[in-house]
Amino acid sequence: MTDEVSEAPTGGVTEVDAGFVVRWLEAAAVAIDRASGELTELDSAIGDGDHGSNMRRGFAAVGETFRGEPPTTPGAALTVAGRRLVSTVGGASGPLYGTLLRRAGKALGEAERVSGAEFGEALRAGTDAVAQLGGAVRGDKTMLDALYPAVEVLCSGGAAGLDVAAAHRAAAEGAEATVPLRARKGRASYLGERSEGHRDPGAVSSALLVGALALAAEGDDDE
Amino acid sequence: MTDEVSEAPTGGVTEVDAGFVVRWLEAAAVAIDRASGELTELDSAIGDGDHGSNMRRGFAAVGETFRGEPPTTPGAALTVAGRRLVSTVGGASGPLYGTLLRRAGKALGEAERVSGAEFGEALRAGTDAVAQLGGAVRGDKTMLDALYPAVEVLCSGGAAGLDVAAAHRAAAEGAEATVPLRARKGRASYLGERSEGHRDPGAVSSALLVGALALAAEGDDDE
Amino acid sequence: MRMLINVPERVVGDALRGMAAAHPELAVDVEQRIVRRGDAPVADKVALVSGGGSGHEPLHGGFVGPGMLDAACPGEIFTSPVPDQMARAAAAVDSGNGVLFVVKNYTGDVLNFEMAAELAEDEGVRIRTVLVQDDVAIDADPASGRRRGTGATLFVEKLAGALAEEGAALDEVEALARRVADASRSFGVALSAVTTPAKGGPMFDLPDGELELGIGIHGEPGRERRPMMTAQEIADAAVDALLEDLTPDGPVLALVNGMGATPLIELYGFCAEVHRVLGERGVAVARTLVGNYVTSLDMAGASVTLCQADAELLRLWDAPVRTTGLRWGA
Amino acid sequence: MRMLINVPERVVGDALRGMAAAHPELAVDVEQRIVRRGDAPVADKVALVSGGGSGHEPLHGGFVGPGMLDAACPGEIFTSPVPDQMARAAAAVDSGNGVLFVVKNYTGDVLNFEMAAELAEDEGVRIRTVLVQDDVAIDADPASGRRRGTGATLFVEKLAGALAEEGAALDEVEALARRVADASRSFGVALSAVTTPAKGGPMFDLPDGELELGIGIHGEPGRERRPMMTAQEIADAAVDALLEDLTPDGPVLALVNGMGATPLIELYGFCAEVHRVLGERGVAVARTLVGNYVTSLDMAGASVTLCQADAELLRLWDAPVRTTGLRWGA
């Protein structure tokens, strides 16, 4: 189940390097691959049934790119991944997730390591860029409803580092909270009131993405 | 059920006039209308699912023609009815049933009344014409498998008249006996061995037609 | 019943009213059920008339127009039209140069067209008939006379229609039509059963995950039921069945035909596989037509028709045609 | 899953291989997923490029050719193509006179085409974009910007394509395209749900005997579910919905469009009813196109698109077009 919150290590992530981003997005690729049937199912109910395969295709391509040319900075990793999503996903989610990562990558510049707080702020900038590009706000029943609660948690840790487990919980709750909402953006909005009663597929995939941060943090411990 | 044999009067029909033929074909129209769903069902299994509506359309048209211009001889009644079937049914059954009646009508000439035996012979001539037109023989799993057994009965009564109840029994049995056969003519033949195990729709409609003779004979008694 | 109709009995008549409304270039007689070229009879031209049960659209009404049919007679769904109708159509389009009947080989069509030919000849219209019997699923022996007429009908109507348009005589048009019929073979598969308006439900039960090989165009089941196959496997099976009794010694015309409910994107994918296997078998394809042309209402599935071509047939294929279902060069 | 495919992931690529095999007049780049006119770039001509998710065939690849699109970019099934693909297509067909993007109004299409426009402009290709947003089922307010692009896309591509073929400048072609988009409205109904290869089953559960009013072309449910209606009732509902915000003061172009699995005979019957109700509402129909043009895979159902016409639009409509999906006069 994609909304089960994994018990991640409680210690916050205080430093982020290229390896962390790579592990994060590779873990995301695995999680998305596993959940792709469910994402497609959700998108069938209030969209066009392609969100699972879109995400799977995109994240598989990101993984390939990383394997072909491992990035050396977290900013480059995010930027490259975002570009790859844009050029392989299509649909609404391609430009939106692509923008999330590209904008976050741009915010991190060329540093080889950034603090957890900087990483959190970069993701917030990415999320703001998604909101701007798609013209959506929180409560419109989109991925923003999972992303914003998560970045709020991530940005509130300060020197204690990124509380990725709490961020995942916030994202999952945010995705769950889309159920009663009436969609105002994207395909689901065509359904009007019939869009109520369903989780937004993009919010669920966003929660998966945030959940993968915890897995990347675990990997960090292993080092 | 179309293969239930009604308990017709046992006295043979010794004389046939235009009224008898009209009553016959009107009774047939009623029986076919009632069974048309079943005929279509049978034709769906081994044909193209139109036999019920074909027969209903044709016999309804025959009834209309009779009401518009009541025929004065049994030969004319049969000929007019056969023509009407040809011009309204289409498919295989239109020309075949049309030929059955036209040829029978032709055999009766212009007499105002004919004997039961003459009527039986006329139907035999009609059945032979069907066999010739369609190039089929008994056992090919067609309407002939109901028509031939019936005309044999009808032609064997001599001066005792037409034993319409026995003819109906023979036709119904003939229709039933098509079940195990492999079709060699018409659409059902395209199925090869998969045509086995089903009653031939045309044989069933032929049994209905023969069964209607009994009803016409009853009506005769009422007069 | 998932049908966009009023009542089952009116489906054919309603469709003819729609054709009349949409296509002013056609003369549609809704009452008599005849679709004909608005400019027929065309002086000094042999006329082509076809017809058959409805439910195969655009065949035949969609193939009426310059370069193809002069008239079409739609019957009820899957039911051959009646003789009076065809005879009337023949009389309406005959310019005095005679009429070729293009008849698909089914008992009903054959008998009704025969009767129509008699009626028309009684009225002084010269009639010739060509039978289309291309379906290799039926009978190993092509000479059995039992094979169904399916996709090749399009080739016969297009090519003979083009020759007639050039002003050829009745003998020549008939001979060409026969030559095309003889040089064509078809094979079809169904992925779902047809629903007819009269029956209101699927004609037979085809569970998801199975298909019927060797189907016709009237919703009858095929010769064999099989577990679902890939496009590649189906193309192999279909082409091999065709090449079992057509041995082209030159390029072919290929029709990759949808049965009605198979999306065009799937037909194109299937077309790729058909081309692949033909290539593997050493058969060159001169022209390919992909689409829903000889259909079976809402059946999912496809058929492949090949016609051995030569320079004359290619010229006739490329000749202008202007119908609602097939159009180029005009 | 009743699909004539190999594997779900390869459906689009396989179809492109089929298009390449069947249509030598097209240049099909299977790898980059671009279908373009074989003779593009055409000197001194504004180029038209469109694209969108696959599954709507013949839209858009079937509308590539003289008189219509210069290139089409198919995405995955129901998934907008990606920016690189469109930018590459634009560069490949630009003669220096600029490129018009015809974009259906969906978040994905809009965002990806926007990014493509940036990329193309970086490469020195002048890009203009016209949004098609014709579906009156969405939002009472046409100015909301939320309406989906559906059947009107065909009108925009045909009419703007004809003007481009005449040699008009980018400004003019863009203005005409916008005018056509503004003058067009669509409304659709579904009688069955779509099955996508990715999902392998119907997108939603639509019981026999019910229909969805106000559907789009991506298998999403409609605005309202209703007990089954007759063709007559559906035509009344559709046309009345259209005329609620299109008040034609002259003849219209009408597209009676099948969603993919509705037999042509039903579409013609529906067409008769559409003409009837338009007649009752005092709207004259100048041209009618009937068929499966803007589809949704194997969905049963239909849509009606009306475009307010004038002498210029009629001239452009009648102008020659030579694509695999729409062809006349050439």
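Each chain gets a letter, A, B, C and D, in the order it is written, and its residues are counted from 1.
Keep this in mind: a contact is a pair of C-beta atoms (placed from the backbone, for glycine too) under 8 Å apart; a residue touches a chain by one contact, two chains touch by 3 or more.
Predicted model only: the values in this text are computed from it and were never measured.
Undergrad: Which chains sit in contact with both members of the pair chain A and chain C?
TA: Joint contacts, listed by label: D.
Undergrad: Without counting chain C, go through the other chains and collect them into connected pieces.
TA: Remove chain C in thought and the touching groups are A, D | B.
Undergrad: Could you work out how far the Cα centre of chain B sits from that of chain C, in whole Å?
TA: 33
Undergrad: Centroid of chain C to centroid of chain D, CA atoms only: how many Å?
TA: 28
Undergrad: Measuring from the mean C-alpha position of chain A to the mean C-alpha position of chain B, what distance in angstrom results?
TA: So the centre of chain A lies 75 Å away from the centre of chain B.
Undergrad: Of all residues in chain A, which are in touch with two or more distinct other chains?
TA: none
Undergrad: Quick one: which residues in chain D touch 2 or more of the other chains?
TA: If we look for residues of chain D contacting two or more partner chains, we find 77.
Undergrad: Sort the chain contact graph into one of these: line, ring, star, complete or other.
TA: line
Undergrad: If two chains touch, include that pair; go through all of them.
TA: Every pair of chains in contact is listed here: A-D, B-C, C-D.
Undergrad: Help me check something: in the complex, which residues belonging to chain A touch chain D?
TA: 40-41, 44-50, 52-54, 57, 86-96, 133-134, 185-187, 189-192, 194
Undergrad: Which of the residues in chain D come into contact with chain C in the complex?
TA: 1-7, 10-12, 14-23, 54-55, 57-58, 62, 77, 189, 191-192, 208-209, 228, 230-232, 234, 256, 260-273, 275, 285, 288-290, 292, 295, 297-298, 300-302, 322, 324, 327-330
Undergrad: Tell me, which parts of chain D touch chain A in their complex?
TA: It comes out as residues 8-9, 53, 75-84, 106-108, 111-112, 114-115, 137-138, 146, 148, 194, 196, 198-199, 203-204, 216, 218-221, 223.
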